[in-house]
Every structure is written in C-alpha cells, then in structure tokens.
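First chain A sits with chain B, and in the next complex the same chain sits with chain C.
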Partner chain A sequence: MKTASGRSAARVLFLILIVGLWEFAIRAAHIPTYVIPAPSEVWNRLSLGFQQGFLLEYTRVTAVEIVLGYLVGVILGFGIAVLIVQYFAVDFFLYPIIISINAVPKIAISPLLIIWVGTGLESKVLIAALTAFFPLLVSVVTGLRLVEISQVRLMRAAGATKWQVFRMVALPNALPTIFGGLQVAIVLSVIGAVVGEFVGASSGLGYYILFANARLDTASMFAGFVLLALIGTFLSQAVVRTGRKVVFWREIDKMAQV
Partner chain B sequence: MKISTTSKIVSLFTVAALGLLPLNSSSAAGKIETVRFALPVAVPDGGQVWAYVPQWADMFKSEGVKVEIIYNNGGGAALTQVASGKADFAINNPQALINAVGQGLPVVGIATVIPRQIYGVYVLPGSPIKTYADLKGKKVGISAPTSGVYPFSQAAFAEKGLDWKTDITYVTTGSGAPQLVALTKGTIDAVATQETSIASFAAQGTTVRQLPPTSVQNDPADLIVANKDFVKDHRDLTIRFARAVIRGIVYANLHPDKALDAFQYEFPQSAVGLSDAENLSIIKSRIDSTTKASTQKSWGDIPLAGYQHVMDLGVKFGSITTAQDLTKVFDTSMLVDIQDFDIRTPNIVSGGGASVAAKPLAPAATPTKSEVKKSGDTCTKVGATAKTSAGKTLKCQKVSGKLVLR
Partner chain C sequence: MTQNSEPVNYVGIKNLTVTYQPKKGSPVEALQDFSLDISKGEFVSVVGASGCGKSTLLNVVGGLLGATGGEVLLDGTPVRGPRRDVGIVFQSPVLLPWLTVLSNALLVPKIQRLDKEKHKARALELLEMVGLSGYEDKYPSELSGGMQQRVSVVRALVADPALLLMDEPFGALDALTREQLNVDLQNIWMKTGKTIIFITHSVTEAVFLGSRVVVMGTRPGRLLEDISIDLSHPRLLSGMSSPEFGKYSDRVRDLLGVGPVSNENSAAAKHL
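Coming up: the complex of A and B.
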C-alpha cells in the first residue's frame, strides 16, 4: 500500500467488509430495525430522501450552519486569543472567565440561547460558534506562547515593535498548533449545529434525526448520522489540506509513516 | 371643447385612485396578518394536527392569517416564548398555564384542543401486571420528568391507592426507540406514555396492553394559549387564528386521510420509513384525542369543571404551585366567535366573525374527474405533477421501487 490510490482502495475495501458483516449480523440475528437497522435499510432511506429532495435541503441547511458557526467561532477565538497573549490585563481578567464559561455544557445552555435568539439560523450558528470557539482559542494561545524567547529577544534588539514580533515570529511559529485547533474546531462545529437543531428547528439533519427518532425510524436516524459524518470528514479534510499548504515547512501528518 | 393637459392628468389620477379604492369591506378584511405559533415539540411527530392541517388546508389563509410556526424543546419553552412576546400563541398543558398565571405571566387559555388525557399506562401483552395495584414495587418508564405524563401518572397512581413516591420507581427512558427497547428488554415493567408513542410502537410490530383507565383519563388537557396583551390589542385576529385551529381539528376528525395528506405534504420525510397505513394510525391516534368530549357543547369549549379537577390534583401532587382563579387562567369570551363555522364543512368559511368575508377554499378551476389525483396514486414519470381535489400539488416520486404521487 505504498501509493495513495492503494491506500484509498484498502480503506474502501475495509469499509465494505464492515458493512457486509453488519448486514449479515442483522439478518442472521433477526435484530429489530428500531434497535439497529441493516445497512441496506439505511441506504434505502438515503436514496429515497435524496430522490424526494428533502435530504439535500436538510444537508445544505446543516452545512451552512456548521460553516458559518465555524467561521464566527474561529474569528472570535483567534481575535480574543491574540489579545490574551498580547495584553496582560486581558489574560488576567478575561481568560479565567472564558475557561469557566466553557465548562458549562453547550447542550445545557442551548435552550436559553434559543429563547434569547430564536429558533432560526442565528441560534444554530451561535451554538456552533460557541462550540468551536474554545479549542481554537486554546490552540492559538498555546501556539503563540510556544515561540522561542531567544527569537523574540533578537527581534526586539533589532527594534521590532510588539506587532512586528507577533506577525514575523510568533504567528508563523504558532501555525502548526493553530491548525491542530482548527481541525478540532471544525468537528465540534458539526456537534454544535446539531445540538442547536435538537433544541428547536424546522430543517437540517439534526431536525431530521429527531423526527425519525419520534417515529422509531432508526434507519433514517442512521442516514442522518452518515451524512453528518460525511460533512465532518469533508470539512476536516479541507482544513487539513489547507494546513499542509499554509504550514508547508512542517510535514507533521506524515510522522506516523516514519 | 378642448381638454387641457392638466385636466387629462387629473382625470387619469382620479380614475387610477378610484380603481385602487376598496369597493367593499371585504377588501380591507383581505389583508393577511402574521402570527407566531409556538409548538411544544422540537420536531413534529404527527401529533400536531392543529398546526399542519389548517396550514395545508389553507384554513389559516382563509381567515386572513399567515402563521409562522416555532418549534420548541418542550411546553415550558413554548410558554416562555408567548409570555415574553416572542410568540403570540402556543399549545400547552393546563398545569404549565396555571403555574405561569400564578407567576404573573401575561398568558391565558382561549380554547381547548385536547379535551381528554393523551396519556395512559401500558404493559406488554404477556405481562403479569393486570391492574394498577400490580405496579407496586415496579419500574415505570416516562420520557422525561418535565413531560406532562409525570403529573398524569402521579394522579392516576394516587387514584388507585398507590403512593407514587414510594410504591413506584420512575425511570426516565427518553422517547422513541429507547423507550420501546427498555420495555421489551424488561428494564422497565410498564410505560406511561402518550397515544402517538403507542401507535409508533405498533408500527414497529410491538403491541402493548393498556391498564384500565382511571378517571384522570377524562380530565381535559392541552389548550391554545395566547399572550394577554396580544389578545387585548388584536382580539379579532386572535379569534380568526383560533377558529382556523379548531376548524383544522374538526376537519381532521372528519377526514383523517386528508390529515395524512397534510402531514406528508408539510413533512415529506414522513413518507419514507413508514407506510401510509402506519402513518395514518399514528396521526389518527392523536385525532381521536382531539374529538369533542361529552363535557363540551362545542368544539374548542373549555370545560372549567374538568380543569378545576386538574388544578386540585396538581396542587395535591405538586405539579401546580398554587391554585388560581380559573377566570384569570382562561378567557371563554371569544369561544362563540371561534366556534362560528359549519362543523359539517370546516374547510369552508361560513360565519367568518366580524371582519372576514366568506371565501370557499375550493380552487378557482375545478379539476376534471380524470385529473383529480390523491397521494399514493401511481404515476409514470419522476417529477411529473398532479393536483388533488383540494388543489394541492403532488409530485411523482419513486417509493420502494414504484412510481407514486406524493
């Protein structure tokens, strides 16, 4: 499996094997569909849902919530992290409050957010943003603080301002850590968007999954899970590939192959 | 006589203005007003007939109302929306309404949509539990302690001489498949749940046996709850909205098959996974709960004696904090106008109240017999459309390998 296509083929074959075993086990054990559906039932839901058009719409709605929430969370997380690193007062007063607030599970505060913001797109974006915000904040703060002090001293000795040190030394050094945070944040954005839909929505994959649960249609629930997994994987890969291009000098994802 | 340019312009404007003037009061009444309707569920489950039926059958539209539906995670959230003015109406249970009035929130019940309890206590057919007395020392599953099933079951157990605090162990199972699995695997001995859940269990091949109903079963349940300030400022709109809801309920009772069409039209994903018969059984279980009770003279009536019983039990078991003056909890003054329609043809506006002109729902062009189709009819080309007798558009889709209209 030395080539990329070879590795992909191996992954696909492995997946087919798992799905085949799952289908066989369900049929052999006569497990009721409402407990765990057979892959063929899940495929049936997926194909019918896309044929009738509603699954495409629900996928689109959730994807938009995830991406918008992610962007808002990333921008806020990055901005506040930079302020925390650059200004002692922000670090001293604000950082502990942020950590405390983050300890409250988002699923617990989601009903309140729905009451304050409503059940439209805004609440889902807000919940997704809150979920993505903290890991990104922590990774940016950690990354910026990992810069070698000798490099900073050198820059200062050369007359560099605080922001020049940040832009030319701290930020480039922090990028690998930041991209690690970006990868974690995108997956959490998926969770945040679905949590928002669980609390109150009229469209989206979380709404579709809850609707199916109310009717004991576990196969449709799995169809929703599959689509969420695909969205999460696609977006995560987009972040990874972007990271490879931006942080071109570090091949950290190939360490496992050494 | 030569007519000046000024005169021509004035004449043109006059004619144009006359053309725009309303010729009768019905034009002014034709204005569509938007209301926000908060439902106590995060997603629709077929039980919200008071929303999707009048929506689909254009009853809201015929009353000059456009409805924005807001889904909520439970009755408490829905009531909060109405109390805070973020929604104008909600469907809610009487216990929550009485508590809200007790807290001074500006909410009031204006019409009953479920005149009996939707909950019951059920066991598997082979269970040794035959009566409520057999539940002593057993585990009873409920979806959540915040659900209306909790106060219902407390009252039911108490009526049969059980102390719900010590004789019963409540197990929170969630709703849907987890609840069914808990029952079939024996994690719980009985389940207290609503009728649509039981119909869903049956659709999955599991039938259950209901324990003999208690008198609590006859207590009235959910109502249309309105924001008091909204009612004060928009009384006519309130009447029209509530009338459309009650018309929808009557229509669903008369034509459950149409209620199925409404559900599948508003929620196309409902046509996948369950057959039409299974979907209909779930919807019909809720429709049967909305049927006019013997304690009501007319559809939507608020049976005060029944709600007094609900309040007495609620105060006794703690689901209601303080007893309230029911004249402050319910507003029955609009019921006559709300009920001003022909119950034989609820899909046609007949009385119409103070300001709505009579308007039939039938489409302008009556389809020929060969053109009239219904959901489930076969078709030949994916994507092709057809009309129902009510004028709704169906689309040809592939379902389980066959081409059918949905």
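Coming up: the complex of A and C.
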C-alpha cells in the first residue's frame, strides 16, 4: 500500500470485489432485472450501445453540454463575483437578486428555457451554466473577501492601485477557495445538463436514461448512470489536478510542515 | 540651495495629533501634540509601552493613516498618502506565499512599474548582504521566520527609498535571531546611509541600534524624551554590557517606569 501503483491496485481490487458481490447477490436472491440489474446485464447494454455507436454519440453530446455549460457558468460567475467584491452598488443591489433567483430550483426554470432557446444544445448549456454559476460565484466572493489585511496594507504602502491589489494579492489568496467552488460547480454542471435533457432532448445520456426508464429497461438506465459517473469523475479529477498545479504553494506549505 | 534660512530636516513631525473614534465610547487620543525632527541618515529608535501610539506614528509617517491635527513633512513636502521614497517593514514579514524570495523582494518595483533588470541586480545584492544568497528561488514557507523577515527588509530597500520605517520588525523572533538581525540591520544602515525610524518594545534593541532613542509615554501617546546615543559605530553586541550602554538603557527604563533591575518586558508585556 506504500506505492502509488500499489494503492491503485488495492482500489481496483476492492471495486471488483463490490461488483462481484453485487452480481452474486442479484443471482442468489433472484431479484428481477427491472428492479436492480446485475452488473453483467449493465455491461451487456454498454457494449451493445458502443457497438451500435449511439452510446458514444450520447456520451459525446452530454459531455459537450457539461463542459460548455461549466465554462459559461464559471466565466459569468467569476465576472459577476469580481464586480460584487469591487463595487459596493453591485453587491448592494444585484447580489440579493441573484441569491433570490438561485433559490428557484433550476428544474423549475428549465421548461421555460426550452421554450426560449429550443431543445437543442443551447438549452442544456444554459441550464448547466445556471447550475454551475452560483456555487462558483459564492466561492469567488468568499475567497476574494478572505484577503489578508496585512497583505493589502503592504500593497497600499507601496502605492498599489485597487486593481493591483486585486490581481497581485486578493486573487491569488482566493484561488484555494475558488478551486473548491470549481469542484462543486463541475459536478453540478453534470446535473444541470441531465436536467436539461430530461425536460426536452432528442440525444444525450439523460435522454437515454429517460427513454430506458419508459421501457422499464433498468439495465440501460444503469449503463447511463455508469457513463455519467465516469464523465463526472474524470472532469472533477481534472479540476482537482489543475487546482493542485495552480495553487502550488499550498503543497509547498504542506511539505514544509512535515 | 534652500531658500529657507532654517535648516531643513528630512523628516519633520509637527504637533501631530491622532484621535480614534472607537465604535463605542469616547474618542481615544493615540498621539497628542507630538513633534520630532529627524535629519538625513539618522537611525531613530522609538520605544514605548503598548498603547503609546508608536505604530500610529509610523502609519502616519508612512501615509497609511491620516492625522487629526498637525502634519508630517518629508523632504519638505507634506505626507498625504503612501510615497515612493518610503519603505516599510511590518511586524510580520507578510511575504506573498505564491512568489519566490526574489519575486517577493521585487514586489515594490513591480507595483511601481520600475525598471526590472536594474532592481533585480539590486535585490540580489541586498539578499547577499543579509546572507540569503542561493535562496532566490525558494518560497517563503521554506524559510525560517528570521529569514522571512530578512526578505521583507530587502523588499523594503529594493526601490531605494530614502526613509525606512520599521514597525517592531524583530519582535516575533527568538532572542538569538533577533540579535543577529540587529547586527545585520546596523550593517545595512551603515552601508546604505538610509534614514531609519525603528519602532520597538525592546530597550536594548533601541539603544543598540539608535543614533537617537525617542521615548514615548502612554495615554495619550506623547514624547517623553529624545536621547542622543553617543556610542560609536559599528556597535558590537558585547558593547551591550558596557557602562555607557547600561547608563542609556537605565535612563530609557526610568522614563518608561521600569526599574533598572527588573525585566524590560514587564512594561511591554501586553502586546497591543
């Protein structure tokens, strides 16, 4: 368990054990496939779907919706958060409205968005963006407000402008908090894209899951879950790894403390 | 070439009064009618118990805080905000953890958009002067507290300010590191000829470093006495046990209301 590869091997073995127990339990207890499918059934649906090509296409469609929605949500969330922190009027007038709008469940707004922009890519991107937007906004606002007063004093003493203080001190200080928000937002983008597909779509993994559900094809639904889990895990890991690279000084701090 | 017949002091603090209005209660007079003149190249130690307004004084001279009354003249012009000819060293090093030692040292030129190459050469020279050669590419968390504070001294000096303000810079360091940094600071002062205002709680530190020691009283913060320390430079740590050094220290302790035999820290134990 000491080496990285040893730890990975242990994790894979544990996963195989869980899946094996699952398979065994379903067969032993004679649970019908439409209630809980055995892993082998799910695997069959996955391999069939990829052989016929439609699952690859659905995965691609949903992944594109998630990533685009995430990017739009993150850029908007970041921009508005910066305005909130830098300008009192934006904080005073706009922030409460944003908080209220966010309190409305995205799933309730989604049908309206479908009416506005149609059942294509745009509506899913918009819903995923709306879902990712808020946690990112909150993390950026919180992070920027956690600025070290002593660092601001240092900057001011050297004659720094407001934007220099922002760029050289407040933003780097906020990055660990912002990356926390980026991680939450990527998972929420997955939810947003699937919600969008549930409300109205003709492609994508959400559409596939809903379609399978209508036919009581639980195994196919599970196949959809597995693919969504893979996309979500891959993307959130990518964010975590990027975070470690960007906020490199935290790692140095940790090493220095050992 | 001065038109004024009076000799022009480099730092002129005239009848400075600073009053704080706390959220509750009556206004607090941090500084009352404080006047002090400092010539170019002087090392002025300011010593006093907590709450005597010495940090307030430094903040006003550094342009970080406005005065309620009176004014501060620097090189003949009134201080109205942070100035480029002033460098400040704070109580804690306040290094930016995401920047290397060299980048931290170059922070002030970066803010002021000054020539990078020229200041880089100067930063390397200063880092060598404080014994940090070879640490340029390290990050602050890889340095000890004493090394971090050395970097912050370098940072304050890189843009070559004429006046250096130091606000209890070595207060958080262990005694040995503190003495070493006192010696290093004396070297820097002798080599660069900067005017330095050095705030401290420590009587020995004040006397060891200062060409003058300004003793301040509390509530309201005011000047008690301005003592000229006529000991030759460079001063050695061993000189702290000389009778002359003891005479100056005792005078300062008397003014602060601390007996010569008692621990100097008792008057300053309560940190502001």
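FYI, the second predicted complex is superposed on the first by the 251 of 258 C-alpha atoms of A that agree within 3 Å, B and C clash if a C-alpha of one lies under 4 Å from a C-alpha of the other, contacts with A are read in each partner's own complex, and residues count from 1 in each chain.
Please note the rule applied: a contact is a pair of C-beta atoms (placed from the backbone, for glycine too) under 8 Å apart; a residue touches a chain by one contact, two chains touch by 3 or more.
Worth saying up front: this structure is predicted, and the values here are computed from it rather than measured.
Participant: Clash or fit: chain B and chain C on chain A?
Facilitator: fit
Participant: Give one of first, second, both or neither to describe whether A:Trp22 is in contact with chain B, with chain C, with both, or with none.
Facilitator: Touch status of A:Trp22: no partner.
Participant: Tell me the contact category for A:Phe50 with respect to chain B and chain C: first, second, both or neither.
Facilitator: In the superposition, A:Phe50 touches no partner, neither chain B nor chain C.
Participant: Counting only touches as set out at the top, which of chain B and chain C does A:Thr119 meet: first, second, both, neither?
Facilitator: After superposition on chain A, A:Thr119 lies in contact with chain B alone.
Participant: For A:Phe211, decide between first (touching chain B), second (touching chain C), both and neither.
Facilitator: In the superposition, A:Phe211 touches chain B alone.
Participant: Which of the two partners, first being chain B and second being chain C, lies in contact with A:Phe225: first, second, both, or neither?
Facilitator: neither
Participant: Is A:Phe198 in contact with chain B, with chain C, with both, or with neither (first, second, both, neither)?
Facilitator: first
Participant: Could you let me know whether more residues of chain A are touched by chain B or by chain C?
Facilitator: For chain A, the partner with the higher number of touched residues is B.
Participant: Compute the least Cα distance separating chain B from chain C in the superposition and give it as a whole number of Å.
Facilitator: Nearest C-alpha atoms of the two chains are 50 Å apart.
Participant: Applying the document's contact rule, which stretches of chain C touch chain A when the two form their complex?
Facilitator: Per the stated touch rule, the residues are 62-64, 81-84, 86, 88, 90, 92, 94, 96-98, 107-108, 110-112, 139, 141-142, 159.
Participant: Sort out for me which residues of chain A touch chain B in the complex.
Facilitator: Interface residues on the chain A side: 32-35, 45, 48-49, 51-55, 58, 111, 114-115, 118-119, 198-202, 207-208, 210-220.
Participant: Residues of chain B touching chain A in their complex?
Facilitator: Touch list, chain B to chain A: 42-46, 69-73, 77, 80-81, 84, 86, 175-177, 180-181, 200-201, 203-205, 267-274, 282, 382, 397-399, 406.
Participant: Any idea which chain A residues touch chain C in the complex?
Facilitator: It comes out as residues 148, 150-151, 153-160, 164, 168-169, 172, 248-249, 252-253, 256.
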